[in-house]
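Labels A, B, C and D are assigned to the chains in the order they are written; within every chain, residues are numbered from 1.
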Amino acid sequence: MSSVKLDRRQFLKMLGVGGAGTALAGCDLPTTITLEEGKEEVVSYLLPEEYVIPGVGVYFASTCTQCNAGCGIHGRVREGRVLKIEGNPDSPVNTGKTCMMGQAGVQTHFNPDRITAPMMRKSGRLQTVTWDEATAELNKHVGAQSNLNGGRFAWVTGSVSGHQSVLINELMAQLGSTNHYAHEVVNASVWSAVCQDMLGDAMPRLRIDKAGTILSLGADFLGTWISPVHFAREYAKFRSPAKRGVLVQVETKMTLTGGNADLWVPARAGTEGILALGIANFMVDRGWNKVEIPAAVRAELAEYKIEKVAELTGVAGSKIQRIASLLSERAPGLVLAGAPVESSEQGYASVSAAMLLNIIIGAVGTTIEPATRFSEKALQAKAGDTKSLLAFAKGLQEKRFDVVFISGANPVYTAPDALKLVDGFESVPFKVVFSQFPDETTQKADLVLPMYSAMEDWATHVPAYQTDGAVLSVQQPLMEPLYKDTKGFGDVVIALLKQRSKNYEQFPDYYAYLQTAMMNLPEAVTGPKPVKKEFWNGLLQKGLMVTKGDRATLSAKLSVPVFAHAAHHEGGHDDFMLVPSARMGMFDGRHANVPWIQEAPDQITKVVWDSWAELHPEAAAKLGVANGDLIRIASEHGSIETQVFIHKGIRPDVIGVPLGQGHEEYGRYAKGRGANPLKILNPVLEQKTGELAMYATKVKVSKTRKTVKLVKMGGSDTQAGRQFVLTVSADKLRRTEGEG
Amino acid sequence: MTPPIQDKMIDENLKWSRINEDVLRSMENPRRAYWITFAVCLAMFAVAIAAEIYQYRTGMGVAGLSNPHMWDMYIATFVFWIGMSHAGTLLSAILHIIHAQWRKPIYRFAEAMTTFSLMTAGFFPMIHLGRVWNFYWVLPYVSDRGIWPNFRSPLVWDAFAISTYLSASALFLFIGLIPDMAIARDHTRGWKRKLYGVLSLGWRGDDRQWRNFRKTYMIMACFLIPLAISVHSIVSSDFAMSLMPGWHVTTFPPYFVAGALYSGCAAIMTLFIALRYFFRFEEYMTLNIMEKTCKLTFAIAMVWSYLNLIEFAATWYGHNPYDKELLIDKATGPYAGLFWLMIFCGVIAPFGLCFEKLRRNMPAMLVMSVVLQLGMYVERWMIVAPTLSMAHNPHQWQTLWGPIVEWSIVFGSFGWFGLLFLVFVKLFPSVSMYEVKELTFHLKHEIEEEAHAAKHAQGEAHGHHGTQGGGGVPVMAPAAPRSGKEGS
Amino acid sequence: MSFKNVLENFSNFRKDAEHGGHHTYEHRWGMAVDLNLCIGCNACSTACYAENNLPVVGKERFAKNQAIHWMRIERYWDPKDEMYPEQGASFLPMMCQQCGAATCEPVCPVAATYHTPDGLNAQVYNRCIGSRYCNNNCPFRVRYFNFYSYYESAWPEPLQMQLNPDLSVRDKGVMEKCTFCVQRIRAGKDKAKMEDRKVLDGDVQTACQQVCPTGAIVFGDTLLPDSKVSQLWKAHQVKRGPFTQKTPKDDADIRGYRIFDELNVDPSVMYLERVRETEV
Amino acid sequence: MRFKIGCMNISSARNQSTQRAGSGLAFWRGWVALMAFAAFVTVSFSARAELPVPAHIKPPVGTHQGEKVPQPIEFPHNIHVKINKINCMYCHTYARRSNVAGIPPTSKCYGCHKVIATDKPRIVKLMEYWEKGESPRWKKVHDVPDFVHFSHQKHIKRFVFDADFPVEDVQQVCGLCHGELREMTVAEKKKPLNMGFCQRCHKANGGPGDCWKCHK
């Protein structure tokens, strides 16, 4: 109807300029005077979409990228601004719910510290340049004409999936490079490794909702482990009067999940596996095993007598028996193993022990179900780990890279100093960082490409942990880009690919590519497809596609892990085991630049806006420190300083420092706040998988003279006799309900 | 036989002209001490203004308030000043009605104090508002929006009570001043003469005027007393009407009134001594009067202490867990120091007033009066703060100490009060001349009557004091016949 | 309230105060929070920040207890914990309880906080003069005061674009508190009105309820007999109105209670006891 | 297109009407073209008749003299409303389905004016905007403070649709708060639109008296 070329996202244009004003400015005037006319501006749409009505919120479906669980979300858009994130009820991952990180997505998007234009290192300093310059520079090094030897090209990403993964692999292939490092600090790689080896499936489905008893060895499944929101949904069923399951949490420092446990068991760091074997042995003795146990296995298990285990783990024998009996009485049981266990020195062994217990109590098949994988292999998730970081660091030290791409990762922040990653990284001739924020890695780059935020860009995500059916979740723009000089990740990669391969010339941008790619998905994958256009629109409306996928099969391999040495740690008066725990909110530190997250208190300690070192009252007494005293925590590879927080939810022989703070860059909210425990980690490796054993660093703690005010929410830590949170004994209820 | 001079309120042989001279002198050529005090007060006030401007621009946060501590020193100080304001009424109205003669030389400045401390107190509820510029929304005025204040709120009652009390006591002060204004008029020149001329409302001191004057004065007095009581009861209901432990106390109204009179008397003692020293008022503000004041103060102190204990007892036997918890925390928790300071200053210290030696030792009394006032201030703060620090929800427990902004405004209020008072003493007679004259006259009259009774000789007395009237002072014709009744 | 009303209804005011607000409610919004499901993950409080334009006050002011979080998760330890808190922590989502006989209402000098026909404690921001009496008289201490003006400091460009236009940004000197997401209630009611129908259960969701991963928060109209929330109140034998001593609930899964019920403030939020395996 | 909508029912409920309005364009065009000339002649000395007040409404009391606000294009309401008798809600179509009445999308202006009065300077200006693919940045004239929640759709429903008031006379209802726009070129504020004004009307017509109905 017109000669005007319309931007495809025209309807996402912002209308009102002011947004919500300071409402109270107006009302101080006497009531006879009203607002002056002609102050605010109002703009109409050029061409209205009939469903976009000024003053009425419209919901667009998309996908949350705050962590890798891949929850579906709805963004509330009004006058072209995305205002709020809600969960997408259609997504089987989060069924209409989100976590606090998901909620904070809008502040990640509207963050005042976004990079708004490309930057290039000129005469040692990063300077703002135009995209033409940036692209020219990029092509000079990685373009078709460049004399780049693919083998000397490396790409560090976070967990990737969907079509980004496809494009990355494609470009790597075109360049002839195999150095793709997917790096995540918070991961479950050892868990998957064990699952792969013992069950034949890397990411089996865990039916928390079906379980009667959950024995969680440090798995913070309500906070940070694999797919927290989904697990929380199932946890609700697990707690429902119908089930009334029991949660036993074994860990050295209380996590959010530990805070919700019926029984919180602080076993010695690194001995959780032994505990599992102890329980297994006890159950087998009593004949509580649900599967047939070969004599050999029995024999091996027999070593783990209650007394010995109790002695090693520091958990009372009676307690071990109780847990065992719970697992059999309140079947079906489920045993999980999370970060503290996975990334300890003998993580693999410990997790295998847990898995063995799973098999013995017959969890496999009941509470552990075969996963549903997304049928299109290329789109499946490539989960990040720490092994890759080690490999990358090694490569850097051996000077194996001329060009390095970094996207969706911040290795300069996450890499322990011991890896010497920073120096190596600086010595790389050409470093390109795709980033939204001026983080540590960005500051070291030669070329910084400012990316769209997750709410401006297109993408597809395939969760690593699939639930009911295999999900492919679409991430679509919720509003037009805030800054004209930012670009989509896909767009840039496509541009690079075009130079090397004809196939991509048809695509003006990533959107076009994505649309075509999705429409060309075989019906085998998507199920019966309607007319293409409608398929696409339907997909965008729903925000995701739930396919039946292909079902894995579970095998159960009984084998008792061998513990090289009973790795446990005797706390001296000033040396501790460092627990660098991740938490819902800060996560691995990627959300430290979000004001809401900074102001949201830590779930257990309620400390805000800073790091802290958790100490047990005993330990604190030994050190002679009180809340707010600054202490120095030193490992062989450096030291950090932070304030003491004393509470009982931690073993006296460990010291807990949360991840997330201690950024040297990363914007006004994160910069120079708190300490980063990752920096001082010893380069201890998990023996089997070669992952970085994050929970195996011994540190010396010393007082400093300084004291600060510990800023936390809440006055009294007890209810002081108020009837606030009442607890009723499950037994009592069960008795009264006559459930036996 | 004539009683020994030191037992008398005042020397009855004081020439009336002398009285005029002395008092009027106090209103002239300020000395250095005066200017220094003036400068100090001005400085304090200036600081407060600065602080208030800063607070106005930045927000109440700078006053160190927090979620549990929505109120703090501002309210405490408010209550304190309201308390001060009760002394004047006590002296001038209550004692007037019960014919306590000794009040006459000292009630004037006490009344001034009443008015000025009210003028000071009035500021605090405003200062502590988050949006000062809308303070008038508390008053019921006809607005185009057709909305009214919430008549259930004690704060609204406050607004009414205070404004009424302020206007009433100011009026009372003025009425009491009229005859003296006339004297001043007759003894001054220039602009002052004009001023006093206006203020004396053409007082000629004739019979009719005196009659009306006394009626009015008496009526005002009667009107003022219930008002004074109600004002502080209402102030107390700011707390008593709430649900909070330590506030929701039935004995608060009398408790507050007692406290008010208490601090008021202490304040009178301070000013008494100051004026006596600066203005050489030894003959007027005699030790005997001081004695009486001290005794009165002691009596009130005991009443207050009693009510205080009553409150504790009520809490204890009432067995409301929150109240009990709070009481114990007051005595042992972070505020324990202040609590015991309050108990010492308010309950123990006044026993010093039992010793005549002390009562007649001005420096000692000065210290004493300050101590008592300190005690009363702390008491007010101990009512406001601890309750907020430690109310029902333990999650919101927090102790708080006011920051510099708050302090400076509180100090500034003393500066402001000082200014008003200093201006007053130089513009108006701080001792009521005509009543002192009455006093001396009656005193003399009694003594003579006793003498004559001895001699059975009549009629001299009249002739005698007929010649007394000097310096254009009206003879108090109607006073004489009633003198027999009036004798204290 | 016009002066006429005051004169006419003064007795009503007093009755209201005793019997808990209006006697003719259009709706009576209520909530049920199952502490057995609450995991204390902070999702609700963050959602509240997002929905209700809550300012981020920063570390220094947080240290002074000047933070504003309408929905806060209180965390308590059991004083009986010896070496370790073996029963875990206790989490309590605490927001304005929208009391039926709210203590904050009668003390506000300008009637900026009052009881709506929906059974909510309204807080009219631009009427508030900041006497802060209401919070002093609130046993739950769930009212928050704007000690500073946050518009510039809390929402630097372009963060202010996220602000929800459906409710105002409060300026300094104003009291604020949880409103049960009144803007959502308003939207829901308008929608129903435009469609000439009654407001149904589920039409209105509060932000915290919508986000809660475990579905611990249930919100609705307690006057609708079939609404989820009134079902829960019924099932757990919690009634509106003045405090009545409960018979020890020994006979079934009845876990309902209202915090500070004994103060007779008639809260609109019912909590459900958390169930733990205390024998282990 | 791609949406998953809270406000579906509103839009869908009202869609048909918009469609009709759209397809009615042809008719409007001819009609408007016919009237255009007469318009320019008569508008200057057209007698000023008071806008009648609908019987079922007790009008709000209060007057206000707002200044003339300079707009990017001096839009002549008088021509559109008085001469061409275009219904308010033809352009301000959101009024009946949203809180805000909304400024008509530029495409709507274009719809008529690509054939009508294309030579007039204002229209030329408009076309420039259209070609640039952007909308004029109008200045708000009738604005309520940010802390006030005002819903056009509810008022229209109450006073027009529910009252079976003839929609073609809707300007009489709009006029109660917006003044006689048929007499103005660009809109001027003729009513105070303050709390007293609203509140008096609410009293008179039995609108809600609850603070939270309007204050947010």
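Here, a residue touches a chain if its C-beta (ideal position, glycine included) is under 8 Å from a C-beta of that chain, and two chains touch if they have at least 3 such contacts.
No experiment lies behind these values; they were computed from the predicted model shown.
Central chain assignment: C. Criterion: smallest distance from chain C-alpha mean to the mean of all protein C-alpha atoms.
Here the CA centre of subunit A is 32 Å from the CA centre of subunit C. If you average the Cα atoms of subunit C and of subunit D, the two centres end up 39 Å apart.
In whole angstrom, the spacing between the mean C-alpha positions of subunit A and subunit D is 51. Mean C-alpha positions place subunit B and subunit D at a centre distance of 65 Å. Residue numbers of subunit B whose C-beta contacts span two or more other chains: 68, 131, 134, 143-146, 392-393, 395-396, 398. Counting partners per residue, subunit D has 10, 145-147, 194-196, 216 as the residues that reach two or more other chains.
Among all residues of subunit C, those that touch two or more other chains are 67, 72, 74, 76, 92, 114, 125-127, 149, 165, 167-169, 174. With chains as nodes and touching pairs as edges, the resulting graph is complete, every pair of chains being joined. Residues 1-3, 6, 10, 13, 17, 61, 64-67, 72, 74, 76, 92, 94, 103, 106-111, 114, 127-133, 135-137, 139-141, 144-149, 172-175, 260, 263, 265 of subunit C are the ones touching subunit B in the complex.
Subunit D contributes residues 9-10, 13, 145-147, 149, 151, 153-154, 157, 210-213, 215-216 to its touches with subunit C in the complex. Touching subunit A in their complex are the following residues of subunit D: 1-8, 10-11, 15, 18, 64, 66-67, 69-70, 94, 97-100, 102-107, 110, 130-131, 133-147, 188-189, 192-196, 216. Within the complex formed with subunit A, the residues of subunit C that make contact are 35-37, 39-43, 45-47, 49-51, 53, 56-59, 62-63, 67, 69, 72-79, 81, 83-92, 125-126, 149, 151, 154, 156-165, 167-171, 174, 207, 210-216, 250-253, 255, 257, 259, 271, 273-280.
Those residues of subunit A lying in contact with subunit B across their complex are 28, 31-32, 714-716, 718-722.
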